[in-house]
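For clarity, chains are labelled A, B, C and D in written order, and residue numbers in each chain start from 1.
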Amino acid sequence: MLNLDTDKLHEECGVFGIFLSEKRSDIVNKIYYALYSLQHRGQESCGIALRDGAEMRVYARNGLVGEVFGDDELKRLGDGECAIGHVRYGITAQSDSSNAQPMLFTHAKGKLAIANNGSLTNYKQLRRYLELEGMVLHSDSDAELILNFLIREWLVSNSPEEALRKVMYRLDGAYTLLIMTKDSLIAARDPHGFRPMCIGSINGGYVFASESCALDSIGATFVRDIMPGEIVIADNNGLRTISDHKDTHSNALCVFEFVYFSRPDSVIGGVSVHAARREAGKFLAKDHGVKADIVVGVPDSGIDAAIGYSLESGVPYGLGFIKNKYIGRTFIQPTQENREDLVRIKLNPIAEVVAGKRVVLVDDSIVRGTTCERIIKLMRSCGAAEVHMRVSSPMFLHPCYFGTDVASKKNLIANEHSVDEIRDIINADSLGFLSVDRVSQIAGGYHGGFCIGCFTGEYPCQVS
Amino acid sequence: MLNLDTDKLHEECGVFGIFLSEKRSDIVNKIYYALYSLQHRGQESCGIALRDGAEMRVYARNGLVGEVFGDDELKRLGDGECAIGHVRYGITAQSDSSNAQPMLFTHAKGKLAIANNGSLTNYKQLRRYLELEGMVLHSDSDAELILNFLIREWLVSNSPEEALRKVMYRLDGAYTLLIMTKDSLIAARDPHGFRPMCIGSINGGYVFASESCALDSIGATFVRDIMPGEIVIADNNGLRTISDHKDTHSNALCVFEFVYFSRPDSVIGGVSVHAARREAGKFLAKDHGVKADIVVGVPDSGIDAAIGYSLESGVPYGLGFIKNKYIGRTFIQPTQENREDLVRIKLNPIAEVVAGKRVVLVDDSIVRGTTCERIIKLMRSCGAAEVHMRVSSPMFLHPCYFGTDVASKKNLIANEHSVDEIRDIINADSLGFLSVDRVSQIAGGYHGGFCIGCFTGEYPCQVS
Amino acid sequence: MLNLDTDKLHEECGVFGIFLSEKRSDIVNKIYYALYSLQHRGQESCGIALRDGAEMRVYARNGLVGEVFGDDELKRLGDGECAIGHVRYGITAQSDSSNAQPMLFTHAKGKLAIANNGSLTNYKQLRRYLELEGMVLHSDSDAELILNFLIREWLVSNSPEEALRKVMYRLDGAYTLLIMTKDSLIAARDPHGFRPMCIGSINGGYVFASESCALDSIGATFVRDIMPGEIVIADNNGLRTISDHKDTHSNALCVFEFVYFSRPDSVIGGVSVHAARREAGKFLAKDHGVKADIVVGVPDSGIDAAIGYSLESGVPYGLGFIKNKYIGRTFIQPTQENREDLVRIKLNPIAEVVAGKRVVLVDDSIVRGTTCERIIKLMRSCGAAEVHMRVSSPMFLHPCYFGTDVASKKNLIANEHSVDEIRDIINADSLGFLSVDRVSQIAGGYHGGFCIGCFTGEYPCQVS
Amino acid sequence: MLNLDTDKLHEECGVFGIFLSEKRSDIVNKIYYALYSLQHRGQESCGIALRDGAEMRVYARNGLVGEVFGDDELKRLGDGECAIGHVRYGITAQSDSSNAQPMLFTHAKGKLAIANNGSLTNYKQLRRYLELEGMVLHSDSDAELILNFLIREWLVSNSPEEALRKVMYRLDGAYTLLIMTKDSLIAARDPHGFRPMCIGSINGGYVFASESCALDSIGATFVRDIMPGEIVIADNNGLRTISDHKDTHSNALCVFEFVYFSRPDSVIGGVSVHAARREAGKFLAKDHGVKADIVVGVPDSGIDAAIGYSLESGVPYGLGFIKNKYIGRTFIQPTQENREDLVRIKLNPIAEVVAGKRVVLVDDSIVRGTTCERIIKLMRSCGAAEVHMRVSSPMFLHPCYFGTDVASKKNLIANEHSVDEIRDIINADSLGFLSVDRVSQIAGGYHGGFCIGCFTGEYPCQVS
């Protein structure tokens, strides 16, 4: 899609589920708004599965929530007591929607719908196992794989949650699951807790969401986070929990959920995402202070840390750029334009703000470095006297195996170059990254651990 | 469209034209990007007309630039030497595209395309005149009307610009015209200069744009503003000007171009729009200062003034809201939701920032007051201790006749209530508007006059 | 579109109008069905204009009736007392819909909608005249031109019909007009009567239609044909007629209306189109009889004459081909296929019927001859012993200036080759055309004259 | 869809497969044309699966061939050596395409695509069996079910055809299968041979098709029919056959393939479908002769038998109706219109042909009788003196379990009423059905047996 965004990491998914004590006509609207608020977690496909008495209906397609769901689609889904939704970012462009979630399955004991955020590290082994049993898989999705194991286990278990408890012993890697059964809604987080998920209450029922901002969007009340390894079941008896997998593995929340993925108005592990980013900006001011006239953030993800830098350093915060808010999926990339122009269509500096100034420019990460270079060039063309780049995360050195799209070291600028070299490449007057030590301190008040494998190469579990 | 936006004024149009010394294949892409950067001036319809040798082609439809123009549409327009584009906001929802511009006409001397930003105050009289001559009009658009006069005058004139010079004596009100002929591109601004237009240079040719941000988007160099009453002609001999109408009327640039309509990165009359808004914020701090812990702006239009308020007052600037950037034209309004939820889907406060704080909340205008009330309610629900509302424009009391959509006093909260009453209605702890005196001072360095009729009821010309 | 059809003549338009004594909710459905039944007269664009009290609404687009009008479009048109509709075949592919009809205009005395079937032979002169008066035309359509004259004349006339009466003195060539005013529906046929139009009654009101099959489709009762040169006005006082132009010119109904354009179930000038075609087949049997085992018609247009040939000759009628009824506008043409295959996808012979037989093959016309050649080749490949081609119209030798798409002699096989040569080219065992004398006799009972200029080169009026 | 068509039986599917000796670029176009020629067998969804070396691609959606496949879709499928296609009629309206075929599956030994025409009578039992093994099914389709058995069997077999041979022992009912593997194309017909399938040769490769008309459409040469119970394998070694299931059950070709489903230009079991229908018409003339002036068929399915009746009786054949060929899926049904009008929009009688005549009206079947009644009413309103109805199939009395959509006795007029009563209901002067004895004689030259269960209630195998 957009060249600017391709220079960022991408999350793969967001999930949302709602279980009500009785059938309501607004359930589908609620989940629609909730998915809108999780759209930043995945823009490739989205879907909603709904249970209406004995029936389940699903609609999932490639596209943004606003493109996939219109009045007609929502009406066809209709009223219900329970629903789950999904937004998805996919690495490969697929012409069909076969990987769109939620997925709805019919099996020996009825119907099930499933939605997942994450990435199994033993997917290939598990898939091979199933295929050799004569199983036929329709997609490349973890969700379908997990479900097949679940169905088989359920045939010899008393309940789907019991079956899930057993299946989780087989699964390695990151997963945040929602499973809608004929009378319950089951949520589960992998034992490392790579991805967040929280519980809310609404209208005498419960909701589960990847981020708390989805609760705000529909007026639900935040209850608590789901713990790593926890299975939570909402049914007509209220909320229950299965904790066999809790505390069996080290906590390893992806630190990029604070740095970039989650929305600033979300709260994870008791900590405001915005506050964590602002804190990162403060650390940058402390560790990489520089004489300057103004601090500006690269919209939107650098704004929070820029404010933090300004607060800590006393250098005034300024509005450095106007972002064109109309550029969307249909925007046509220039092919022969020079690259600076491309950036400028999307992100135009306000010359009056930076002309003649020593500018501290804050962004949340540098992945490939190309956008960064062009932005600094633009700032200089607008008359900036000095440009000091500050990055509110450490150098990105290693691939991620847990659901983001950086699967190899290729294209990671930090992997090929030292800080000084990068500074020269992007033509900054100085360059400072948040240190690895600091990144684990930004979320003061969060008492769990982090996965920082992308910075250190040390992962919380084996990766193939 | 969006309930939040309905509480704002709406500009009616933006125009962009380009005249090159020779046929180029990238002309249509250039105008496409330029229209993207002017999209904020009109979201109902858009269009491009292009001249390719003796031929002219046009494509104009209802929709955003990114919806109307895809690869196919741009390819069909093809290469050319000259092109004009238009984005339009329309007051009434039209099922067809008959008012979309540019409009392309065939007449006795060939083909002409026209695009206009503005509103004639003597439209009805002029239309009646034409109809009684047996003329048939296809649209309700000023552009078609002006063109009909132009064509008739041209039959007895030596050139289209000469004809336009004569026609301008008949036209009252606001207009900013682009006319593409078989060998020239003509730009004209009404003698009051209600709407801005500037000249840029690129690739040995010239561009005309409603705002300078469109020049930046395609790497054009700013040359100068077109003066009120000036007619500028670009053709193969370069740039010429006809000045008969200059200085014949008082300057009356719409002050809302600084306050709200234009993009902050544009420069009008030598003054940065962002700087003018920041200045308005500083005046608010001087004139309506209050003890507070944090200043936050309502995104996106309140941000600039909030930064100004912070700079002047020393109260720290904070990020108060996250705006959902995926909500577009297809968003489905909740019908039974309570209104606070609706605002929250679009604009969620960051509780951590405002909880327990005395907040100065800055926005650029209050038209009906409904959104404002809900935002303050949200802030309080997030724990704000005090909310002090500051508005970076004066009280909006009178209708506008020059191309915005506030045609009557109805629904203007300031027209029905005093400042104190409004403060109570929106439930703010205090409320301060920019004074009428101040509004004319925000654009320091701009030496022309302003139209501030919407604040004072005194208009620069007769209105019917 | 389809290669098979490109070897046929194309009519340019069909019109339909309805005037009711009071507003009804089913008026738009009625016109929708009527246009469906006239679709064969034009497949490029279609439209409906409706009067609902003081308001007029129009919707016209490129596409078939079933593509352009869905539930939403019909609902938006709404209820009304009067409506006119149009289907159009256009010679040139237009990317926009600017020539789609009906056209709706606002003028000094209110609103008017117009729809036309035909082609003015003095279009260029009339257009130049208007342009030199300063008029601006939006389309290349006769309808808009006529309307501009009408509006100007009406300013100095007592009624639109009076104005039309005067305007008709200026118009040369073919036109069949429907004009909807604020209180009447006016129908007019040019003094030669090139194209048919008839009157029907329904629900206490009146309808006008290019063909009587449209009356059948909505259950209207046939009243009579409109005469050449007649102006008929339907208003709240019933039906009136203005006859100044009647009998001022020779009658010249296009004979191809019987031969090919009109639907076989229509009745023109008191004569069934099917009967006329069957009669042509009988003449072929009389004039070009041959020993044979079976007569087959090329679907669909050769069927009627084949039955006539069978009846006259006693040779049994057989079903020779199956036409694929699913092939429509979206069908993708093979590019590397050999041509016989292409025909076969659309029109497969039934081998059992023709194998070993002496076949008389009947079609209505040969324009370029290419399709004909391939069909005969297919018949032989299915084992036909002999193929005797019979054509139920004379040799097509001259261009048509009255609203069909054969504007030049180019590509007319009969213009370049003798009957014997054509027989050899298409590889028939024998070939017989209907004689020019016979073609004027096929519609026994019709007492008017025919235009047979395409066969003789002698046209009923001057052509430029 | 169309009310006229709802009074007919509906076939459920058509299949087509092609295996070439080498990769070709026109394979996808060939299958596109072939599916066009099989479109009459299913109009709800269609699809193509293609093998290109080690890769398989599939595209299947709801819609007609011309709607689902455009240039882009065909290009994306690309070049290949093997492909299978499917058209489908579905009983229930599905909002998604989950039952569209071909279906593409990944399993332990690679990829497989499958397409099927038919209906298993032991579907429920087989599905239950699989589900209790922990299998998860995505659709309600026989094809997916068969494939799951095949995959499991293949894990313990030497080849997919060997696996299929074993699986066929489990399957009851009607099926006509195409299976595309990584190096072969397998076709199979159930041991009763309910549905037809034939073999053709083209470009050194082989094709399999539900009907021979598909062979004609792409210029393939007819080789032979596949026998009931036969498995035929096309691979790089040519054509092989497995005959274990041949002659294990009674032949039971659905007689409606001759009467209505198949295209008249197809040849089944050595017999022309058109000839069989014409023969049925002759039997009607022999068994139910009546004094008459003209014989007309109800388009399109009554035409063949009407010609037969005319040939046998000497009563002249006439063109009785014009069918509106533009009415498609988007046609909007009148809701308040009276029913005669509805029929007339679609099927208008030619009054001239029937007025004052004693008419023999021939159709292929009467299912509910409603359309028949309206058509006769129309004929009388056009002046027909007498209307004698003749039906070229016996009375439809019993449900069909083998892939058509008449699953219950409900709505079958013949089930509730005697011939005399039906004659009175439809208001015919006389009524004659083809006798059950005769129906088995219409396909002279075909030496297999028929399933005539819908007439007799005696089915060739057990039905649940």
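Brief remarks follow.
To be clear about the criterion, a residue touches a chain if its C-beta (ideal position, glycine included) is under 8 Å from a C-beta of that chain, and two chains touch if they have at least 3 such contacts.
Predicted model only: the values in this text are computed from it and were never measured.
The chains in contact with chain C and with chain D alike: there are none. Of all chains, the one whose Cα centroid sits at the greatest distance from that of chain C is A.
If each chain is reduced to the centroid of its CA atoms, chain B and chain D end up 61 Å from each other.
Centre to centre, using the average C-alpha position, chain A and chain B are separated by 36 Å.
Distance between chain centres (mean CA atoms), chain B to chain C: 50 Å.
Residues 59, 76, 95-96, 105-108, 128, 131-132, 134-138, 147-148, 151-152, 155 of chain D touch chain A in their complex. Listed in rising order, the residues of chain C touching chain D in the complex are 26, 29, 32-33, 36-37, 39-40, 64-67, 69-71, 74, 213, 216-219, 263-265, 267, 272, 274-275, 278, 300, 303-304, 307, 310-311, 316-319, 321-322, 324-328, 330-332, 334, 336-338, 340-341, 344-345, 348-353.
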